[in-house]
Amino acid sequence: MIDLSTTLGNAWFPSPLFTASGCASSGKELAQFIDLREIGAVVTKSVMSKARYGRPTPRMAETPSGMINSIGLQGPGIDEFLTHDLPWLVSQRARVIVSIAGETVEEYATLARKVRSAPGISALEVNISCPNVENRGLVFACDPDASRRVIDGVRKTLGGELPIIAKLSPDVTDLVSIAKGVVDAGADGLALINTVLSMVINLDTMRPHLGGKTGGLSGPAIRPIAVRAIYQVHEALPTVPILGMGGVASGRDALELILAGAKGVSVGTASFGDPAAIISIQNELKELLKIRGFTSVAQAVGFAHRPNEIEGA
Amino acid sequence: MIDLSTTLGNAWFPSPLFTASGCASSGKELAQFIDLREIGAVVTKSVMSKARYGRPTPRMAETPSGMINSIGLQGPGIDEFLTHDLPWLVSQRARVIVSIAGETVEEYATLARKVRSAPGISALEVNISCPNVENRGLVFACDPDASRRVIDGVRKTLGGELPIIAKLSPDVTDLVSIAKGVVDAGADGLALINTVLSMVINLDTMRPHLGGKTGGLSGPAIRPIAVRAIYQVHEALPTVPILGMGGVASGRDALELILAGAKGVSVGTASFGDPAAIISIQNELKELLKIRGFTSVAQAVGFAHRPNEIEGA
Amino acid sequence: MGQINKYSSRIVATVVSNKRVGQYHQILLNVGEMVNNCKPGNFVAIKVGGENAKMILRRAFAISRVSMTGPYGGSMELIVAPFGQGSKWLCSQIEGSSIDLIAPLGTAFGIPTEPVRALLVGGGYGSAPLFGLAEVLKNRGCRVDMYLGASTGGKIYAPMEGKRSVNVLRIYTEDGSMGERGRVTEPIPGLIADGLVDVIYSCGPMPMLQAISEIVAGSDVVHQCAVEESMACGVGICMTCVLPVSDSDGHVAMKRSCIDGPVMDGAHVLWDLVGKVPEVHP
Amino acid sequence: MGQINKYSSRIVATVVSNKRVGQYHQILLNVGEMVNNCKPGNFVAIKVGGENAKMILRRAFAISRVSMTGPYGGSMELIVAPFGQGSKWLCSQIEGSSIDLIAPLGTAFGIPTEPVRALLVGGGYGSAPLFGLAEVLKNRGCRVDMYLGASTGGKIYAPMEGKRSVNVLRIYTEDGSMGERGRVTEPIPGLIADGLVDVIYSCGPMPMLQAISEIVAGSDVVHQCAVEESMACGVGICMTCVLPVSDSDGHVAMKRSCIDGPVMDGAHVLWDLVGKVPEVHP
């Protein structure tokens, strides 16, 4: 028997496998393919204060072992989300991590206040890979100071119960210092990594393919970047729980992120190729842990950091 | 007839296709598979002042549509390079771009001084994606100030003849500001992009696979990142020539980088899969340009930035 | 469980046959029981490239026809244009190959409860689902006319056996290499003016669908069109495939063409806003 | 042109046959004229995964044997262990499939000018190139003994026809399931002490090659080993495949096992430094 359970801050989950924000919509769409109670939790699409149309189409392009997207956070807004989407998930007895996104420090705090009183949430993921309208559109997660202020505002509004997981962007010179900053500001955990800023040029129109010009790269192509990010941050902050993600498409990949330091693993793009991917990954992970003599996920977290046993001793 | 010729600063090349530094060794190894005179130029492996063993093996791991490497700049040192490798390339009538790398600002300047007097070089590529031993091993290219100082030192030592191409790392928060800094300091062109910092964990040993732990991701997986980087920098600095690279494996890919703003395209990892890749890419590019009605490479450079013609007008 | 993707499942199907028809491949797949849930207009999402593929996303194909009987049990027909790497791979799969697919997906063409005069308009491989639809309509006692268009004759898909369910079949090619020279949309205003059509069902390139919507606007003719937007997931979880659609009170929403489509009411799609973002507030 | 990769070329070969032999696949490729340049010890670099593959690097395989005659013209044999995604793909290629390969690559086993007593030691699929080598040595009048080892019998590759060129063939398995129980290296010190061997040729896992080098050290026995380092390019341009090797005056260099190997003088390889970086200055 392998104990698959894991924790992120004070939240407990029966499995380390989660959906990735924006890759499971509101959960309903997947319920035909998987039993939502079987996975760690559904991480919802990042929700903002107001309803949004998002970016113009085309919103995606496939790339070698990956894809780029620019959805632009299309969504119903937090009120609609809390009255419709969340109660449905709760009624299904799925565990839920709500992801929020804002354009100002204030918007994040407002979102946190609304989420605070909603029942049935296990944790709050704060997606700070959004343009900061108060600072020339510079992405919050690329600015140590803005990142800290967002998390600080959320922490203060939210109170001390719900774990806050700050979701970081890999598009920075010094990821560890951003991570330290948000942890100091009150984040209980870190989600690594969001998509990598990218572009595809359409060879027919000879212009950027996406309506939004640039997009975020995801899928197996970026897995080595995710592993590095998780490893670096776990090395610097070994006690801070990491929800890892980026290109996980098999149990092997999930284990790789766990060995690097992730306590949980989100499956994003792989669900587009197979809506039940997360279940296969969970089963494969269990098998791989067993073969390696682990009896729990917890034993494997960060294993790659431990010194090798002395050879021949 | 398609005019494939291009320029980088005051250097002229008959083709926009170049080898990528570190992916053609000293050129000799490829000569069995391609005629070195047929391509734009051979960009040599980055050479340092002294001979180096490089990093421990394993030095590579394959990843989905990519690979990571940590060679660690194994090489013979500049004196050996200038007495043996360079004269051989010149004797073959290959055009040569010499790539240099250092651990201190001083080392770069020393290398530039030695290269200055060597005959047969078309341009100098300054690989600043190296750890700066004088500043906690922080990679020069990740530090705007250190980047500028390296290029400034090279420019002053080299004098005004040979074009300087500064090779930048994509692992930064603000690539455009680094690019502006090195151009201000005297770079005539920019090489974009070097590999993306990554890691693979070996699932048998459950430790980082590479001897050097982290490595650089290259190959088609990173092409969308390269296209974005080139597009961003060309938009900000439209007059500065860019030598583009990152995952180019076909004529289609080369054209994508050119449309984004590259005047030249280096082929790296694709040569490992096929040592004659650069020749096929060159032929395919010519065909693709023709189909689109271009009569020269120059017409296509940065085309993706031009406004669309008014529809239906 | 939920309502979305209600009858969808993922199976591994076998290629029964793969024939070239003009510039297309007609691919017959053995899918078993699944056919009972497939309706004209639904699509299938296929994994392409085989085990070690660098392609990670499924490709959507309209279900051209299904058959419950026949020597192979339940089978599904697709009409595939060998266009890029995914569709070329599919077209290269020989008899006996295994195909990983999810179906049925998306909305279906609405079938009128009374006999109506239906015009089916297909562009290129867009004719594929129209033959299955024609059969259903015919069985309901509808009059079914079909107009097919393409740039050139090789891109017209009009199988012999399909013509049985159709009263009139007219073909238009832009280069005049088959049927009449011109666009398939050209005769439609006349038909409407003459009161010869109640419902138009269309499937084909977006500009064709838009043109029909514009022709139909202001008339009583209902226009059900199957849209084709670039899809990453096909099951409603990625939000890449959206179109601006207005509801009855004029409110504009970005609807997913994989679950709120591909069949949509042409009058509700805001064609001029496709590829743009509405300026009004959501 | 240059000397490096002098006889190498890239061709598309056809699979003539693919048979399972124990835990390996014996794959015969039609390669034409190329065989004239292939020597025992050389390797071939094969593109794996097909057209749409996410694998971008070639895989290296020792050339087991070549034949100039035979019903197919020049042919090349490989012995492949279905290990990871690349080798599994190769093992799944049926007769008639096309294989993109570059060969011959790397150094070859040195053939003595006089008849010597040669011991050929193979581990796992490492025995593959030894049979071709045995033939050449036999033709030179050498006495050829062959010792093969593996963890278990299914991993011993020893084809019937190969035994013809060998005087003595002994097999060792760690689990005793075939031949004698034990390691293939165990009897070697005795042979050397008894003065029964002049040259050892070895191919197999690195620890086996190292063990032989240590046994041979101090004796007059020459040890030519075919090393196996992880290779990205196979042609000398990437510097991933290096090994620390000392030259006659004790100077240490990181040599590329693809062009300065795979066959190297075991006495020159600094086995304890493999996977490390020498502390002395280059």
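By written order: A, B, C and D. Residues from 1 in each chain.
Note that in this section a contact is a pair of C-beta atoms (placed from the backbone, for glycine too) under 8 Å apart; a residue touches a chain by one contact, two chains touch by 3 or more.
Being a predicted model, the structure only gives us computed values, none of them experimental.
By number of C-beta pairs in contact, A-C leads over the other of B-C and A-C. Centres computed as Cα averages put chain C at a distance of 56 Å from chain D. One simple way to say how far apart two chains are is to compare their mean CA positions; for chain B and chain C this gives 46 Å. Distance between chain B and chain D, defined via averaged C-alpha coordinates, is recorded as 35 Å.
In chain B, the residues that reach two or more other chains under the touch definition are 64-66, 219-220. The set of chain D residues touching two or more other chains comprises 54-55. Chain contacts here are complete: no pair of chains fails to touch. Taken in their complex, chain D has these residues touching chain B: 1-2, 4-6, 8, 10, 47, 54-58, 102, 229-230, 232-244, 252, 254, 259, 274-278, 281-282. On the chain C side of its complex with chain D, the touching residues are 48-55, 85, 89. Residues 54 of chain C are the ones that touch chain B when the two sit in their complex. The touching residues of chain A, when paired with chain C in their complex, are 22-25, 28-33, 45, 50-62, 64-67, 69, 71, 74, 211, 219-220, 249, 269-276. By the touch rule above, chain B contacts chain A in their complex via residues 63-66, 68, 142, 171-174, 196-201, 203, 205-208, 214, 217, 219-225, 227-228, 231, 247, 252, 255-256, 259-260, 288, 292, 303-304, 308.
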